[in-house]
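Supplied in structure tokens, the structure appears directly below.
Chain nomenclature is as follows: A, B, C and D, assigned in order of appearance, with residue numbering initiated at 1 for each chain independently.
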Amino acid sequence: MQVTRRQFFKICAAGVGSSSLVALGFAPGEALAEVRAFKLARTTETRNTCPYCSVGCGVLIYSLGDKAKNAPGEIMHIEGDPDHPVNRGTLCPKGAGLLDFVHSPGRLTQPEYRAPGSKEWTPISWDDAFTRIAKLMKDDRDKNFIAKNDKGETVNRWVSTGMLAASASSNETGYLTQKIARSLGMLAFDNQARV
Amino acid sequence: MSRWIHRYSAGERSNHWAVAISFVLAALSGIALFHPAFFFLSHLFGGGTWDRILHPYIGVFLALVFILLALRFWRRNVIRPRDREWMRHMGDELHNRDERMPETGKYNGGQKVLFWTVVMLIPILLLTGIVIWRPWFAPAFPLVVLRIAVLIHAVVAWLMILAIIVHVYAALWVKGSVRAMTRGTVSPAWAKHHHRAWYRELTGK
Amino acid sequence: MALQSLDIKARSATTTPSPHVRIEGAIPVAKLIDISKCIGCKACQVACMEWNDLRDEVGTNVGVYDNPRDLTDQSWTVMRFSEVEVEQGRLEWLIRKDGCMHCADPGCLKACPSPGAIVQYSNGIVDFHEENCIGCGYCITGCPFNIPRISKKDNKAYKCTLCSDRVGVGLEPACVKTCPTGAIVFGSKIDMIHHAEGRIADLKERGYSNAGLYDPQGVGGTHVMYVLQHGDKPELYANLPKDPSISPLVSLWKGITKPLMNFGIGLAVFAGFFHFVTVGPKLVPDEEADADDPPPPADPSRAYDPARPLSTRSDHE
Amino acid sequence: MTNHWVDIKNTDLVLIMGGNAAEAHPCGFKWVTEAKAHRKARLIVVDPRFTRSAAVSDYYAPIRAGTDIAFLGGVINYLLSNDKIHHEYVKTYTDFSFLVKDEFAFNDGIFSGYNPEKRSYDKSTWGYQMGADGYVVTDPTLQNPRCVYQMMKAHYARYTPDVVSSICGTPKEAFLKVCEMIAGTAAPNKTMTIMYALGWTQHSQGSQNIRTGAMVQLLLGNIGVAGGGMNALRGHSNIQGLTDLGLLSNLLPGYMSLPNDAEQDYTAYVEKRASKPLRPGQLSYWQNYNKFFVSNMKAWWGDAATAENNWCYDWLPKLDKGYDLLQVFENMNQGKVNGYICQGFNPLASAPCKVKVSGSLAKLKYLVIIDPLATETSEFWQNHGEYNDVDPAKIQTEVFRLPSTCFAEEDGSLVSSSRVLQWHWKAAEPPGDAKGDQEIMAGIFLRVRDLYKKGGGAFPDPILNLTWKHRQPEAPSPEELAKEFSGKALKDVTDPKDTAKVLVKAGEQLNGFAELRDDGSTSCGCWIFSGAWSEKGNLMARRDNSDPYGIGQTLNWAFAWPANRRVLYNRASCDPSGKPYDPTRKLIAWDAASGKWGGADIPDFKPDSPPEDGMNPFIMNPEGVARFFAVDKMAEGPFPEHYEPMESPLANNPMHPKNEMARANPAARVFKEDWASFGKPDQFPYVGTTYRLTEHFHFWTKHARLNAIIQPEQFVEIGEDLAKEKGIKDGDHVRVRSKRGFIVAVAVVTKRVRTLDVEGRKVHTVGMPIHWGFMGLTKNGYITNTLTPFVGDANTQTPEFKAFLVNIEKV
């Protein structure tokens, strides 16, 4: 390659020129600084209480959408409720991770049945499950209900079926459960106060 | 063209240009990361990320082809007393007072110094480059090693670029030289004038 | 929200000033981490991952409480637990929340070669913009606290943003909001220093005579500060550097060296140019070119051929 | 909690013992840090481990697991012998001056009336001397050796600092330092709060641990005052509510109790519970028992509950014994239980001695799981390798697993440990086909009822007549249920002083339990919750967080039981003349001008009873005062006494070295074959203790990825000395064995678990977090309760998870 003096000037000029164009803003694809978009902008905020321990922290649940009929709200963020007098917006590692409890792969989504001796679950409809459970309960109650004890005292109890109640369920659930259990004469009935 | 003297074989020319092209690419992609003023050069390689990805591979290629080149040329570049003499006459050389220059072989003292400079710099670039190569090797080195490596890489690359600027300029400046690497031949006059000893060796004159 | 609205104080690999006339009025913010109040519950780690939609690996236990074991592209903050006996027989469990310190003089930003991959806002937040990140890892080299991590998935650097998206709309960072004990507080840097003074006075009253604020001046101060019970011994807290600064190697590399080198290259080019225009090309004198010496035959065998035995090759000049 | 979370900020000293608030209740613990920051409060942590609470404490004292009564008994001794007590408070507001029956005795660790065969006491001697006027005889001079003060002083004199240090392994100077700090709060203007949780309850003498703590607080005058109290931190989000609603074997809502077999007579049943005052001028609020009871029966059986049928008294099941968790699994193991329903409860992981629980479940005919998550219990029949090595083919239990909603998918209220009922709102639909718990319970109940309706069967009356006035019978709404337990007037309720004045019209919601009547004119499903949903609306949903007095009393935030008061016994924060002991923390005071008590809180008192009438603050006790002497309320004695855990590293009880009967709690119930499952120190020389970590909640959060990330794998903690002895290093896998099985986990070797000097020898502790299992996102682990013993507290049957024996080896 023979570069003449003229050519050499040309090369230099082109180099300087292209750098100047860049300096003038012709550089391709240079992005501007931008923070991540605030993700809660038009989400729906719902007030709730942390379901774990009994500090009873207030939480704010953010779900997608504005509750329009065609857009079922998916929960996408949970954080502390700053108005709550106890937690004042704070959450512990459990509360701060509530989103992953709501969306846990361990969540159950359909009623299941395991037959005696079986190695697996099989799906069952709610109606079949309720009907079968009710039948089992009634059979057991009818068979083992104790109306009077050995001394002839009226005792009206049923202790061959027991129940453990959820201490993370609401008062309303707890109250209904208590009412149903006692109407059946249940005594083998406990909650998590101890463990 | 019987009046031309053969200086480089096709293999030598190819090897040289492989080195030259990969060096230019390495330099351009490297200098893009070296200083913001040159970041625009990364667009020649498809943007900053491609620049970061390609640069080390180009560098490794450069090192490989350079090793071949060095193996081809090192014997001719062994420095001799007359090269030292040549160096003492650098000023005359630069001012085109060629008549005062001592006789030289296939390469003059300046060319040899450049050769050995590059022989030293390329391995340093290769080694420091491997140390800072992400995502492959950098995570294996402690931070302080990375910091030293990245500094050395930059300084050595700079020296290398300076050396090559001198090399390229010299080629352009000394008329008739470029043909040696493009066509493999030089004019007998060129050979006789610039590399008298080599010319004599070839012609016996 | 584009650059103009954000009051950029500094931008990586940008040699001219970023638009920052509003800096004078901007309020520098700071996060203050009071280690004496920290219970190491890791709520901040969870809130950080949750807010930023990150999920690190479910790892293993290696005999300590630290999990994840180190910062990663998915864990922008981790708790570091140290059991120390500062006084003989008096155990202390020092738990430090590690993460980006948001230095006023950010080494990462200084080291970054990609324009706009790292920005420092006028409020002091140092933020990575991964769309500009090229994955070279220079930020890691530049950081005096060893904070940035390159993702194995996309080879881009990540670290705490100080929830710039939350701060941008007037909220506190997620870790600050969640902190159960108020060990992490957030506000203007002046207020945080004032708050820290109150905390230090309280600690001194409780016998921590060397309690102090960690706002290292070697990096120009930080926008994440610690209250330390043992302010004189930051290294007790999982090797928090005592007097951090950008490594001199990095300063040398990214400091004066580069313009000098550019100048050197430019000088070399121009030296050649002026040499050419003053001295002129080196030509073979006409009398030599016109010499009637017949050229030697173009005999390839005379040329260098590595394949030929040494004895027949004329390697010697 | 007697007080509430925010109130902790008002304290001068926090004692965390038998709990680990920083880890288990971080957001509540915030108020400890507030007290430290703003009141210069000090924090003491007494725990076998240097916990994350200890990490931010001002003073930490180690203690051997299961020796809290010895420690606190020593504190009582220190306070009494150094006279660091709140004199006016204890003299006026406690039973200090009450005389105890002469027959009552305490001999070498055993109280009078013990029956070793039954392992229980005849408590007839555990009472007061009664005067001819029907009131307790007192000695205001406190000189009588039979007065409670003198007897208590004598009882605890044995707990000298040396004895305490030797039993507990707490260095003597550490113990004395703690005593000194605690004693400082005897001043009327100083107070201490005690925060405890399962670290006190889960012992064979758990209830007495708490009693001893309460006694310390009473001596210091720290009950009823802002920043004071006995604060049970409590576990689950609504464990308080479920207990309030009586979801325990022997309870009815509002701490009313079910009759036992002998209580065939309704009137006698009520009279026994509606205690008459034991001292003149006292309120004895339980005298209203019948109003609560009748209203409860009306809520459940409506028109079917009439005066003629004793408001369906006989429809309630009667107890022949308690049917707590351990008893039921014992029965199950004996094949006496056919069906079991686990609603949001994971007993395979939560109950002691996994091998027994697992074997018991396998004997069931049917098991119903109602849960949002796939629990270990729901898969007890499934083989999960080493973690649950069973053969499904051999397990004949039918199992139903019904998916329920989680908190985010339902409306309703929860009661926090502050006793505040807080409403929450549904944010999303449940996943898949999951249904709310109320729908599930209704679905089962309505089908059972239909079967009885159609085919009859055993005693169908309570089932057929159960009130079910729901607009959608198959889906009772939370609003309807909340209104039902809050209560309404069935007929006009009139003012007893002026019957022409109607307080609440028929059909309206009641304002509170003061409006309950025993004539069937009111209905209320849980009297202590009465007024939560009044005609003013849903008070549980109130969200006004204003704190006008600046001491954290947000009375318009939600609704606290009882009657929205936030600090129980708050009358005790004032001196007998009605002036606050500490005006800077005034809760209430007597306002002579208006003739009423009032202030920052709702008075826990008869609001118009002037101080000169001499009514005392503890209105739920027939004595009107707080009891140091527990009369017959506790199973193992009126004064707490140190007993060793059922499994102890010591061969005997150092307090009673020669009395084998008094080695462990003599009244703790042990099932016959379980005796063989207890280990001895020669084979199992180390103290095992289980606990929770801040990163996890029970066995739930291992299903939440975020929590799995921050604490991924099962581990056990041991001290450096033991590690050295056994050649165990950080990160090694170790096998921990008890007599009941083994677990394998990673070892965390730490300075935080100390070797203690106990009775002249070294005692090592092995700490074991419980959170792992074979379901969820964390690394699979062994169920820690494989190791724990099948024994419970003598009063509550809470399992002894906190102190048992293990051995450890490197795998």
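Note that a residue touches a chain if its C-beta (ideal position, glycine included) is under 8 Å from a C-beta of that chain, and two chains touch if they have at least 3 such contacts.
Given the structure is predicted, the values throughout are model-derived calculations rather than measurements.
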The larger set of C-beta contacts, choosing between A-D and C-D, lies at A-D
Based on Cα centres, what is the most central chain?
A
What's the distance between the Cα centroids of chain C and chain D, rounded to whole Å?
52
How many Å are there between the centre of chain A and the centre of chain D, using C-alpha atoms for each centre?
28
What whole-Å value do you get for the distance between chain A and chain C if each is reduced to the mean of its CA atoms?
37
Which whole number of Å gives the spacing of the CA centres of chain B and chain D?
84
What residues in chain B touch two or more of the other chains?
37, 47, 172
Within chain A, the set of residues that touch 2 or more other chains is 8, 78, 80, 87, 90-93, 95-97, 99-100
Residue list for chain C, restricted to those that touch at least two other chains:
41-43, 45-46, 50, 115, 132, 180, 182, 276, 281
What part of chain A is in contact with chain C in the complex they form?
5, 8, 12, 30-39, 77-80, 82, 87, 89-93, 95-97, 99-100
Residue ranges of chain C touching chain A (in the complex, touch as defined):
1-3, 6, 8, 11, 41-43, 45-47, 50-51, 115-116, 119, 127, 129, 131-132, 161, 164-166, 168-169, 174, 177-180, 182, 273, 276, 281
Touching chain D in the complex: which residues of chain C?
36-43, 45-46, 49-50, 55-65, 67-68, 75, 83, 85, 91-95, 180-183, 198-199, 202, 205-206
In the complex, the residues of chain D that touch chain C are 22-23, 26-27, 29-30, 33-34, 36-37, 40, 50, 52-56, 58, 60, 694-695, 705-715, 729-732, 746-752, 777-779
Could you list, by residue number, the parts of chain C that touch chain B in their complex?
13-15, 113-115, 117, 132-138, 140-141, 146, 150, 152, 155, 247, 249-250, 252-253, 257-259, 261-262, 264-265, 268-269, 272, 275-276, 279-285, 288-291, 293, 295-300, 302-306, 314-317
